[in-house]
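Structures for review follow.
Two complexes, one shared chain (chain A), two partners (chain B, chain C).
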Partner chain A sequence: MNLDPRYTSDALSARLNRLFYQRLVEMDANSMPVPGLADWSQLSPLHYRFKLNSTVGKYPDGRVLNADDVVMTYRSILDKSHASPYQAALSMIDEVKSIDNETVDFLLKRADPLFPAYLEIEILPADHIENDHPFSSQPYGSGEFEFLRWSEAGHLVIQRRDDGQLFEIVEVKNPLVRTLKLLRGEIDILQNDLSPELLDYLRYQKDIELVQNSGSNFSYLGFNLQDSQTSDLRVRQAVAHAIDHQSIIDKVMRGAARKAETIFPPEHWAGNSDLIAYDFDPKKSRRLLLQAGYGPDNPLTLVYKTSSDPFRIRLATIIQNQLSQVGIHVDIKSYDWGTFFGDIKAGNFQIYSLSWVGIRTPDIFRYIFSSESLPPAGANRGRYTNPAVDDLLKKAEQAETLDRQTRIYREVAAQIHKDLPYVPLWFEDQYAAQGSRVTGFRVSPSGNYDGLSHLKLKKSRGNRHAQAATAH
Partner chain B sequence: MIWRWLPLAVMLLWALAAFFGNSLVSGANMVNLDHILDTPGKSGLLGFDDLGRPVLQRLLAGARTSFIVAIGVVTISLMLGTTIGMLAAYQGGWLDLLLVRLIDVFMAFPGILLAIALAGVMGPGLDNLIIALSMVGWVGYARLARGQVLSLRERDHVTAAVALGSSRWVILSRHLLPLLAAPLIVEATFGIAGMVIAEAGLSFLGLGIQPPDASWGSMIRDGTSYMLMAPHLVLAPGVIMLLVVLSLNLLGDQLRDRLDIRFVTEQKMS
Partner chain C sequence: MIDFLISRLLSALLVIVGVVCLVFLLIHLIPGDPVDVMLGESARAADREALRHAMGLDQSIVSQLAHYLTGLLQFDLGDSLYAKQSVVGLLVERIPATLQLAFAALLCAFVIALPLGILAALKRGTIWDWGAMSFSTLGISIPNFWLGPMLILFFSLWLGWTPVSGRESSTSLVLPAITLGTGFAAILARMIRSSLLEVLGEDYVRTARAKGLGEPHVLWRHAMRNAWLPVITLIGLQLGALLGGAVVTEVVFDWPGIGTLMIDSIQRRDYPVVQGCVLFVSLTYVLINTVTDIAYGLVDPRIRYGGRP
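Moving on to the complex of A and B:
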């Protein structure tokens, strides 16, 4: 876990940082940028002016966030001597400067109609940046929550600014243990990472209130396109047609997911809802395998890598079973996270399953499907290369209006859907369960913890702390 | 009466399941999404697990796993341990000293930990599991055999055999082994019970037999996540394991009563 927003790369830290800091720009339900700390105007395609608005907060020492903080934060991210993972996405910025105490100008090297969407980054205090404050372990921001203590691993104490309510964030890895703690009242709220059965079980507990929302985290099966077997499009199509998504969603996930066709859900502005699903069709799948030269005498054997999470193994076993129905033999290899992710990045796999978490802007297409993004440069882990897609991605980068960019990204999504470097699986729902002491938590589609700002204690007795549990 | 016949009946069922279960368990690995976590009822006598696989069939498949491992490990340990123990005791001298120290080292080290380490190094799998547990299991038999031989070799019939010029092999196998057999068989019966638990333990930790094949230990591990909704996933393999281990221990007791001459005569006298 690294709580320095400039270097955060894991989902948990990113979710916590949202509580401690403010951002220039926020995302609405369609993932379009809307004003956060600042309202903006586009003076020219290469010149954006941001003016801080009334939502500006104070740092714990009482100082009000100002334009200098914004400038210092972005300069420090773009500083080549720091290896911030956001540098690549912000590479179009030529200069950041403050005009007065409340106005910041961004000058760009190249136009990008989506530029404000890349500014969903936490603003740090300028003086603390200069003093090399250890942000990674002691967050210091102007957000709705103030960081108090992180005395031991997996135990964080934070305080809500407007009413002084204390929150303890506790790490509890095992889903069953978390559920039991919630039922016993040891914790007040938990979010995500339960098996669908536990979720259903909690739904019928009388003291537990369950809040659920459709999610935007995209689960997929990835292929290695440099492998002699999975580089054959017919093999990939055969796999896609052999998976019965709907019955997995209905019977295993108990409806707590929706089918995906591309990385973005349909409500996302760059989502493409015109894509035609690869329907469950074992006959077609068998036919494709025959065409690719595999049959009962010469069955196709694939190695499927997954993490050691029991639910992922369970899904892998179900997919293994469905693929065996069309004559594809699947070997499941499950590894601890480090080994598994290392293998995936090194291209040492045939099929793997993973999810993309917290993706908001369609520049992600370049990061995962451009031929220039092979690891370590990007996340094109399946080594997918298609000149047509590269071409479209360049065009999208140069497009001058958002409309045109949207159209091009939809074309990219369609081409990728056809080429099948990923078999799109589903978007898992986000959910949280609250005990009897609290109410008001809202679940966000990306699973962040922003809902804690609405959480209320029903009545205070004894311990005034609210406790939340996380899985990581 | 029931205590006398129950262990035998359970053992018989266990053996039958292990030998003939294979023809019954064709469905043990069959995923059926319509039956996920179904409770025991009409469609399945013991219900279904988290992938819709029938628990009864998986128990039978697990019986086979635990039978093969337990019998395999005890057979190997028994042969290895007895040979080493008898050799050490009869030969004496530096060989005895060396082997006794080796046995002491193995005894001092927690057995299950060593088995975990070995299974971890060699990788999971049924054969590696048997090897790992045998590496730990032989020590008990070796110590027992050595102790017995040390006292038995002073008996008159052994001295007579030596005087008659019998070879060492004949003395060990004809004059000593038959007398050793009784305590070793008793020890082995308890050993089988221990190995059933050890196999389940290693499978519970994911070091034993690999999915989708069934083992009682891995069934319990998979079931713990669903304890609130579907307790039958943990209860069924747990109760079966309890019955088997209890029966083995009762059987061991009975065997000891029957094979131990002193005990039998004492009972007759009283």
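Moving on to the complex of A and C:
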């Protein structure tokens, strides 16, 4: 784990950091930016003013978070000598300065109506930044939880500040072991990353309760558009029409997902509900393959790359079987995560499956579909290039109002839906399994741990720590 | 004896220098860029270059190696790209757990293997021999990723004797040690059996028996002393494997050792940590083999004097 939010690049650390620190901006249920510890006003397209509000918290030493902390945090992120992964996303910031103890001004190099949405970043205390405090292992913030100690490598003890409730966050990688720990009462709650069988097993245990919520993490099948076979739109359409999403969701995922039609779930403010998903139509798929020059005498063979995660391999095998029904032969190659991801970034694939976790703002389109975002400059891993989309993305960046920007991004989504660099698969549900002494935990659509704020322990036997297990 | 020790330690030092250079070069040959890990996919080319320059990655491989070796002499293995903590600190945090598990597994293996091996050798060709060796075959054949959860199911969930996983209490060590030790016990039992069988046929054992010495005396003072040599070699080699290769057991039992740190770091492409872990494992092998060589000398005086009569 890296609990310094300036350098966090993985989901587990990001979820934990939300507990220790506060942010200027939060996201509502539709992923719209709303005030966090500050309200904001746009004084001009290049000038935003943030005023700290009554939600501002105190650090463990009793000092109240102030404007200097905000300024110092952002300056530290933008400092070239620090390797923060947020530098690129915040590159439009020209200057951050405090006006008084409660007011911070952001001056921009270029206008961006989505700017507040980029400020969902945790604020650190200025004096601790100056003293090079080891935040990565000893988080120190004004959030709802306070770091106490590492009881062991991978075992984090934290305390809820309003009532003193202790929690121990335990990293347990093996899903079966996590399940057994829950059944034996060694942990009180576990979240996500269980196979459908384990999930089903837990569903019928009398002392275990499953809580579930629709998720926003987007799974997709990506194509390499520089490959001689998958660059043909008819081949991509044939693949899209050959996949029976619903039967995979119902039978393999036990209903714990919903079909994706585009990158954003329907409730997202920038979602485009007019887009109709590619339906399961094997006949149409075969027809498209024939048009592309493939048939029984000349079958299409594709290489499908995936990680070595057993569940991902199982999904790949099912998709392989479904594609074989229309005459597409699929060769599955699974690698350890680093090798797999390295191949994907290098464009060394025909098709692959991955998920986007924590997508919030539609500027993701520029990051993954602009011709300027080919790796290593971005995440356009399929090497998709369309001048019309590039043009729209530039217009979206220059749009001065959010409404105008939203309309343009919807056009981008429509064009991408047509060009099909991705086959959208599903949004996997978020779920947690909890023991009998836990109440009040809510699962968030993004899978964060904010639900720990409301978790209560029933008065009962034994340990007064609440213990939560995580997979990563 | 002093000459023998000096020659062993010098050759160990040479091997260590070779290992350090090899590990450094191999890590730099693996595809992937630490800058990608640190700045993410969205970073701009200028920022990448600036960071690459700041980290000295734009220098030649030889000067990078020289810089690494200089750091190594001061026990500085660099910082983790992911956790932003010193690699030495991360290793020091994990080494006690790894040592604890390795030695517990070794003890467990020894406790199982010694009676089994001796029993099989003394009762050669009987049902005892067959039973001990069948058990040993079973021990080698059962993979740890299956044995671990089965032991948890039986001892933790049904009997409630031990925790499922973790390292919180003294009983936490029992199941991982059995899981890791069983496979080794199987190999060790076979080695003790064959080594003892060979020795039991020697003239000096027959002479000892002819002199009317009791069977326990013959076994422990004459036969076992000579049967130890191959067993010590095996223990040395296996201890190295136990220290560096307990990955599966560590993952199953959520044991915070070097194995899990190495796997996590490989997946994150956290090169300085991978380098540190590989270095630790390699050094452990070299050290244990050196100690094994020296132990040979102690057990068998002929080796101490370079084979001279």
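Definition applied: the second predicted complex is superposed on the first by the 468 of 472 C-alpha atoms of A that agree within 3 Å, B and C clash if a C-alpha of one lies under 4 Å from a C-alpha of the other, contacts with A are read in each partner's own complex, and residues count from 1 in each chain.
As a working rule, a residue touches a chain if its C-beta (ideal position, glycine included) is under 8 Å from a C-beta of that chain, and two chains touch if they have at least 3 such contacts.
This one's a predicted model, so the numbers in the text were calculated from it and none came from an experiment.
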(request) Identify whether chain B and chain C fit side by side or clash on chain A in the overlaid structures. (result) fit
(message) Quick check for you: in the superposed arrangement, does A:Asp200 touch first (chain B), second (chain C), both or neither?
(response) first
(message) After the superposition on A, what does A:Val64 contact: first (chain B), second (chain C), both or neither?
(response) neither
(request) Check the contacts made with chain A and report whether chain B or chain C touches more of its residues. (result) C
(request) Based on the superposed arrangement, let me know which partner A:Ile313 touches: chain B (first), chain C (second), both, or neither? (result) first
(request) Go through the superposed model and pick first if A:Lys80 touches only chain B, second if only chain C, both, or neither. (result) second
(message) Under the stated touch criterion, which partner chain does A:Ile248 make contact with: chain B (first), chain C (second), both, or neither?
(response) first
(request) Please indicate which partner A:Gly338 is in contact with in the superposed arrangement: first for chain B, second for chain C, both, or neither. (result) second
(request) In the overlay, answer first, second, both or neither for which of chain B and chain C A:Leu176 touches. (result) both
(request) Considering only touches as defined above, state whether A:Leu43 meets chain B (first), chain C (second), both or neither. (result) neither
(request) Mind computing the angle chain B to chain A to chain C from the CA centres, in steps of 10 degrees? (result) 40
(request) With both complexes overlaid on chain A, what's the closest CA-to-CA approach of chain B to chain C, in Å? (result) 5
(message) Just to be sure I follow: which residues of chain A are touched by chain B in one complex and then by chain C in the other one?
(response) 176, 180
(message) Considering only the defined contacts, which chain B positions touch chain A in the complex?
(response) 30-31, 33-34, 36-37, 50-51, 211-212, 222, 224-230
(message) Using the touch definition from the top, list the residues of chain A that touch chain C in their complex.
(response) 1-2, 4, 7, 9-10, 80-81, 83-85, 87-89, 91, 134, 136-137, 151-155, 170-174, 176-177, 180-181, 183-184, 186, 336-338, 342, 345-346, 367, 375-379
(message) Applying the document's contact rule, which stretches of chain C touch chain A when the two form their complex?
(response) 31-33, 35-45, 47-48, 50-51, 54, 82-85, 93-94, 97, 149, 152-153, 156-157, 160, 163-168, 251-254, 256, 260-261, 266-269
(message) Quick check: in the complex, which residue numbers of chain A touch chain B?
(response) 175-176, 179-180, 195, 197-198, 200-201, 247-248, 251-252, 310, 313-314, 317-318, 321, 332
